[in-house]
Structures are given as C-alpha cells and as structure tokens.
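Have a look at the structure below, then the notes.
Each chain gets a letter, A, B and C, in the order it is written, and its residues are counted from 1.
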Amino acid sequence: MSSPQLEVLLQTLISGLLLGGLYALIGIGMTLIMGVMKIINLAHGELMMVAMYIAYGLFTLFHLDPYLAVFIAAPALFILGVLLQKFLINPVLKVDSILPENQVILTVGIGMVLANLATVFFTSDYRSTPVDYATKAWYLSDFWKSSPIELSLSYAWSMSFLIAVAITIALWFFLARTDTGKSIRATAQDNDAALLMGVNVGKMRVITFGLGSALVGAAGCLFIPIYYLYPDLGGQFTLIAFVITILGGLGSTVGAIIGGLILGVFESLTATYVGMGWAPVGRFVIFVAALIFIPGGVVSLLRRQKWGK
Amino acid sequence: MGQMKRYAPLAILGLLAILPLVGLSTYALHILIMVIMWSVIGMAWNLLGGYCGQVSFGHAAFFGVGAYTAGIVYSKGGASAWWGMPLSIVFVSAFAMVIGFICLRLRGPFFALATLAIGVILRVTAENLTGLTDGDLGIMIRERTWVEKTWYFYVILILAAITFYLVKKVIESRLGYYFVAVREDQDAAESLGINTTLYKTIALCLSAVFTGLAGAFYTNYMGYIDPKVVFALHDISIVTIMIVMIGGVATFWGPVIGSVIMVLLAEVIRSIPKLGAAHHTFFGILLIVIIIFLPNGIMGDMPKLRRILRMGKSS
Amino acid sequence: MKPLLSVRHVSMFFGGLAALHDVSFSVNKGEILGLIGPNGAGKTTLFNVVNGFYRPSRGDVFFKDQRISHLKPNKICSLGVARTFQVVKPLQRMTVLDNVIASAFLRSRTKAEAVRTATEVLGFTGLLADRDVISKGLPLGKRKRLEIARALATSPELILLDESFAGLNPSELNESIQIIKDIRDRGITIMIIEHHMKVIMAISDRIVVLNYGERIAEGSPAEIRANPLVITAYLGVADNA
C-alpha cells in the first residue's frame, strides 16, 4: 500500500471512529428505552432534531456555544420524553388492539408531528451554527515534522467525540452505582421480578424514556457543530439508532457502543471507497447482514465466547 | 340483511362504474382514482398486516418496485408502460420472496422495522442506480395513453374489484385461517401443523403483488415517477398503515373507508393555504388519536362508536 | 411390541444448565403414559423437545421409527403428534369453532370437510354450545378443553397433554377425565403431564418420573407409588429433617 492510499485509509478510519462515538450515544438512548419498555421508539431521531433546534436557537439568540447547550437541551428533552411517555405511550400500552405494533406506530405519529412542526416553525432550510472552531483541525505534521503521512483531526469532531465518551461514562456510573440506575437495570432484565422486589416499574419506565430522550438530545447538540440541521433529519437518525441496536444486541448498552463504532467505521469506509450517496445503503447492508448472521447482535457473540471458557 | 351484505360490493362496483357517465369533473375523477388506488394498497397491506399480523412499515418498497418496473419497461425497453402491470407481478413477487427470506425470520416490531429499512434501501438504490432509473431525475412517460381520466378510472376500478374479491376469497379459505392463526399465536400455529414461514411468505407475496400493481398503475396514470415520491416513507408506507388503521384492521371494508377519509382529508388540508404545509402534523395527530381511542379502526370498533353516538343522542 | 414414540438419551442444555439429562423412555401404542415430577423437573421442556420447539442438545426422538428430533413443529404435527400448552394459547380473536377449523385444515382438503371435522371434535369435547364464542372470553376450564379439541382436530396418533387439568373445578375435572378416556378409546395414544396425583394414578397405564432433568423412575402407578426415589423427590430428603 502506497503512503497516499494508507493516508486515506487511516483518515477514513479516524473519522469513522469519531462518528461512531456519537452514533453510540444515539444508540444507547434507543437501547435503554427498548430494554426497559420493550417498545421501539421510532421518534428517536426526531427527538434529536428537536434538541438540535434548541441548540440552534440558543446559538442564534444568545450566541451560546452548542457544547454548552447540552446543559439546557438535554434536560429539556428529558422533560419532553417524560411527557410523551406519561400522556401518549403509557395509555396505549393498556389498550387492547389486534396489532401489538400500535405502540411503534404511535411513536411514528409523534415523530411525524415533531418533524412537521419543525418545518412549520423553521422552514425546511438547511441550518448550521457557524462556530469559529468548526473548520480548525490538528495536523499530524504539527507534532511530528518528519511524518511520512499526513492526518488531520478536526477540533469540533474530537471535542464532540470526547464529550460523548464523557456522557457515556457518566451514564455507566449512574446505571451501575445509583439506586435509580440499578432499578432501571432490574426492570430491563426482568419486569415481573423487579416488580416483586418493590421496584416502581411505572416510574422507571417514565425515567427511562426521559433519560433516553436526554441522551439523544445531548447527541444532537454534539452533532450541531459538525452537521447540517433540517427538519427531516430525524428519520435518518431513528434508523441509525435502530440499526445500532440490532447490530449491538437489543437492550444492551455495551452492544450499542460497539454497534455505534462498527457502523461509524463502516459508513466512513463506504463513503470513501464506494461513494458518498451509498453510505446509507452500506448502513443497511450491515443491518441486514446482522439480522441474518448474528441475530442476537455483537453482544451475543461476546457472551458465547465467555461460555466457551 | 345477509343478502344485502352479500351484494353490497357488487352494488357499489356498479354504482362506481356508471359514475363517469354522469359527467364528473376531471378533479372529482382524479380524487376518485386516488381513493380507489389507495384502497388497493390498503387492502393489500391489510392482508399481510391486518390478517397475518406482520406489520410492514415498508410497503413503499413494493409500490416503488411496481412503479419502476413500468417506468423502466418504458424508458429502457421502449415498450408501453402498461406492460409494467403484468411484468410487475413477476418482479415484485420475486423481490417479495427475497425480502421475506430476510425479514420474516423476525417477529413483531422487528419485522416492521426491517421492512422500513428495506423501503429506505430501495429509495437510496433508485437514487443512485442512475444507469437504470435516471436517479433523482425520475422517469417521465412522454406518450400518455389517454387524455381523459375515464379509462384510467376503469383500469384501477377493475384492479380494485379483483383485489377485493381475491382478498375475500383468500380470507375465507384455508389461507385466511392460517394467516389469522399466525397473527394470534405463532407458536400455537406452528404446533398445529401450520408452516408459519411458508404462510407468512405467501401473505407477503400476495400483499406485495397488489401493492406493486397499484405502483405500476401509478406510473401510467401520473406519467412521472421519481425515487422520493414512490419510495416515500411517510407519504406511502405510513399513509398506507394509517388508511388501514383508521378504516379498520382486518376488516374487508376498512381499507376502503380509510382511503376515502385519508384522501379527502389530505385534499382538504392541502387546499387551506396556511395549513397545507402542516398536513403531516394533522396526519400524525389523527394517527395518535386513532391509536388511543379507536385502536381497531372505524369498522373494527363499530360497537364502541355506536355506543358513543347513542350516548351523544340520549344526552 | 414396537413403541410409538421413543425418546433416546435426550439432553437439553440452556447455557450451561441441563434442563434434561440423558432421558430415555418410550410410549407404546394405545396407552396413557403419565409424566410426573416436581416443578422444574423438565417435563414441559421434554414436551417442547418431542414437539419440535427445541432441538435436543444430545440424543434423538423417534416417532414410528422415524427420527423426528431435527424436524420443525409443524412437520412433527403433520406426522401425527399433537400437543396442548400448559399456559393455554388459544387463537384469541377467533371463535371457538374457527380455532378448531384452523387446525382441522391440516387433514382436510376442503373447507366443508374442515368444518365437519371441527364440529365433530367440538361435540366430542363438549364445546359445541360455545362454538361462536370468541375464545378470549372463554373461562379457563373451557379454554383448557379448547386446547384438547384443537389438538384432536389435527387427527393425531399421539397427543401430548400439558397440565390439562390444572385449575379445574371438580365437575370440570370429571368431565375432562372422561374426555381423556374417550380419546384413548378412539385409539389415540396419550402422554400426559399432570400435577394432580389422584388423577394421574387413576388414568395412567404407566408413569415416568422426572427430577432435575433426569428420569428417576418408570413403572405402573402402583410401582411408582411404592418407589422410595419418587417419594424422596416429592417430599425432599426426609431423613435430613
């Protein structure tokens, strides 16, 4: 492999990993909701879109940095998630109907309304937040003068990635160490057993939906400096979140992280070597392959390894 | 009463058949054609989703493959786009079999989401396979068969009549019993000797073929298709689900009633200048309201509706 | 005499856990074989293996000298093995008659034939009066009987009954016992899981006892009643107390 080719490959892998870190955050939100509530939230990407418009609004009105907007958008999304769960999703869980997929269809309806309202209020124009660090980057040659290849690392991408990692670690602490976190995990593992052990399952569901929304909301703020914003972007990210959860294993947080990274790298590779327009197809090729070859997701492979020993 | 019910479809068919003779406006005829076309798609979806319980979020994939079969026969084959109708049966059923092999191993919501993904894959593929589909430019049928809409009306009416008849026949036969058994309990069905994979695949293929036929008709009727329109997630796949849910899941007339409501509603909303842009919001809210209050649709929740109406009268 | 069904050295592992361990026995044509054991002994797992829901981790199941342990449930059913479920699984939104018609189609060429079989089976199981009831609304006792009716409608040679008596009141219990005897008199072989000791002792020709996934005893009801291993399994280790 000649050095320009190597350069392209390494650069592609780096941007894939950075993208994957953000994808992981989106996927974790989805997988938490799926694990605890056993429903698929097809408004997930739309919730992210809402958070992005919040961050965008804060930037245009008050010049608030999108990274700081996390502290406003994530709590706002938490509240939105709680309200949606309490007043729309919960009632439907109790309704008897021929198709159990009603809950999924309901979230589609919610997503449609959110996306359309965004169009009404903000028009379908593409927006972005022109932060001054958006175009800056570190270069490998700045650190290593005689480096045979040149690689760059965008400020914004690496910042978003690092914050995503920090949030993930914080979430891990929350789930592993706090009482609420433990109750959420218990509910995800066995609803009935959790109920018997005195966990307030109904409350955990509400919190989980809020938490999942807040996570994807935070991801939205991290995407803002590096991505365009438009009302219909939600659908695409809902699908990404879903692909990640299937790829990683349903309801598994570790799986979502691995799934997000795999998807990020794979998309980056498709974009470089097949063509930009084909990246979404690459995404679904992975999805379909995962469905056929590893139905339990990457996590199931890891578990099998453990049993083997 | 029983007699009336039996002949109702024939009576309605006869009534519709003479409608163009009384001199409808072009616009009214267009609305009617749209209602009937959506009924076909709704009935097709209902066969798979309502009766067999396999909820598809990606019927746009079958609609689009049908539409593009007609389009490509014309643009690349140089033949009449009407050949797309018989050809779409072959292509769509082959395509549905592949999709079934991949997606039908999934149950419930996971099947739904896999089909959703398939719909998106097809759209992106059609956008990028420019050699075959001309990508975003779409395909334009330059020589229209008829200037008048009347004949298009009769074509889609015949297709709808065939679909209605076949769905009814299928549902009353062994297939219908097996479909519903699969919907109600796959494990029980399997243990009663029903090859669930086989019957789910049959339901998927039948459903896909009728949806594809509607797509092929669409190409001929509209004279123009592009990937964003025929593979649309919201405006095709989700609208199809809404039509069936509003009208009544697993009922014969549900999809028909649902299409009347949805098509008229869409027209009304679009005609109000300020609200036009917000029509998805209305659809979404309608969907949410239906799911919460009439989860089995107008036909399915008829007793509940009657009770509510009676209460309104007595008070 | 050649056995109708033979289970040979079947083991079933879930993860590292053995739900069944090297279980062997056979069912003879025309008999009622009782399968008993404490909770978690692996009885339902065994049914799931015979019926094809699980593929055994080790060992084989033969039905009429044909290996069936690699087949799917629907294939096994069409060979002549039908089952009921402990947790009843009616086709909820179908009427009782439609439930049975759906399974009668297995051996019927036309719908009229399926309706005839279904009606006959409903008469046999005493559900004819409830034929137009949506099965979701059926009381538990009748739902249990609907399970039996559905299994019978597939015209099986062997029928696996999983706790068909649980939760029945005394009069329903007597009715169901009579139905099971009638089924045997029709020449259909029966393997039955039951907790109700009196019932199982009264109707079984032979009994197999499972405990912790292993077959610990096999014999006539009288032999089983006298078997110390069985008594220990049910009452715990008596001498430790």
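Methods note: a residue touches a chain if its C-beta (ideal position, glycine included) is under 8 Å from a C-beta of that chain, and two chains touch if they have at least 3 such contacts.
Fair warning: this is a prediction, and the values are worked out from it, not measured in the lab.
J.: Report the chain whose mean Cα position is at the greatest distance from that of subunit B.
T.: C
J.: Hey, which chain is the most central one here, using CA centres?
T.: B
J.: Applying the document's contact definition, name the chain pair with more C-beta pairs in contact, A-B or B-C.
T.: Counting C-beta pairs in contact for A-B and B-C gives the edge to A-B.
J.: Averaging over Cα atoms per chain, report the distance between subunit A and subunit C in Å.
T.: The mean C-alpha positions of subunit A and subunit C differ by 48 Å.
J.: For subunit A and subunit B, what's the span in angstrom between their mean Cα positions?
T.: 32
J.: Averaging only over C-alpha atoms, locate the centres of subunit B and subunit C and give their separation in whole Å.
T.: Chain centroid spacing, subunit B to subunit C, equals 43 Å.
J.: Going through subunit A residue by residue, note those that touch at least 2 other chains and give them in order.
T.: 98
J.: Residue numbers in subunit C touching 2 or more other chains?
T.: 93
J.: What are the residues of subunit B that contact at least two other chains?
T.: Where subunit B is concerned, no single residue meets two or more other chains.
J.: Looking at the complex, which residues from subunit A come into contact with subunit B?
T.: On the subunit A side, the touching residues are 39-40, 42, 88, 91-92, 95-102, 104-106, 108-113, 115-117, 119-120, 235, 239, 242-243, 246, 275, 277-278, 280-281, 284, 287-288, 291-292, 295.
J.: Help me check something: in the complex, which residues belonging to subunit B touch subunit C?
T.: For subunit B paired with subunit C, touching residues are 172-174, 177-178, 180-181, 184-185, 187-196.
J.: For subunit C, which residues are in contact with subunit B within the complex?
T.: 51, 53, 72-75, 77-78, 82-83, 85, 89-94, 98, 101-103, 105-106, 111, 114, 150-151, 154
J.: Give every residue of subunit B touching subunit A within the complex, in rising order.
T.: 49-50, 53, 55, 57, 102-103, 105-106, 108-110, 112-114, 116-118, 120-121, 124-125, 127-128, 183, 233-234, 238, 241, 245, 249-250, 277-281, 283-285, 287-288, 291-292, 295-296, 300
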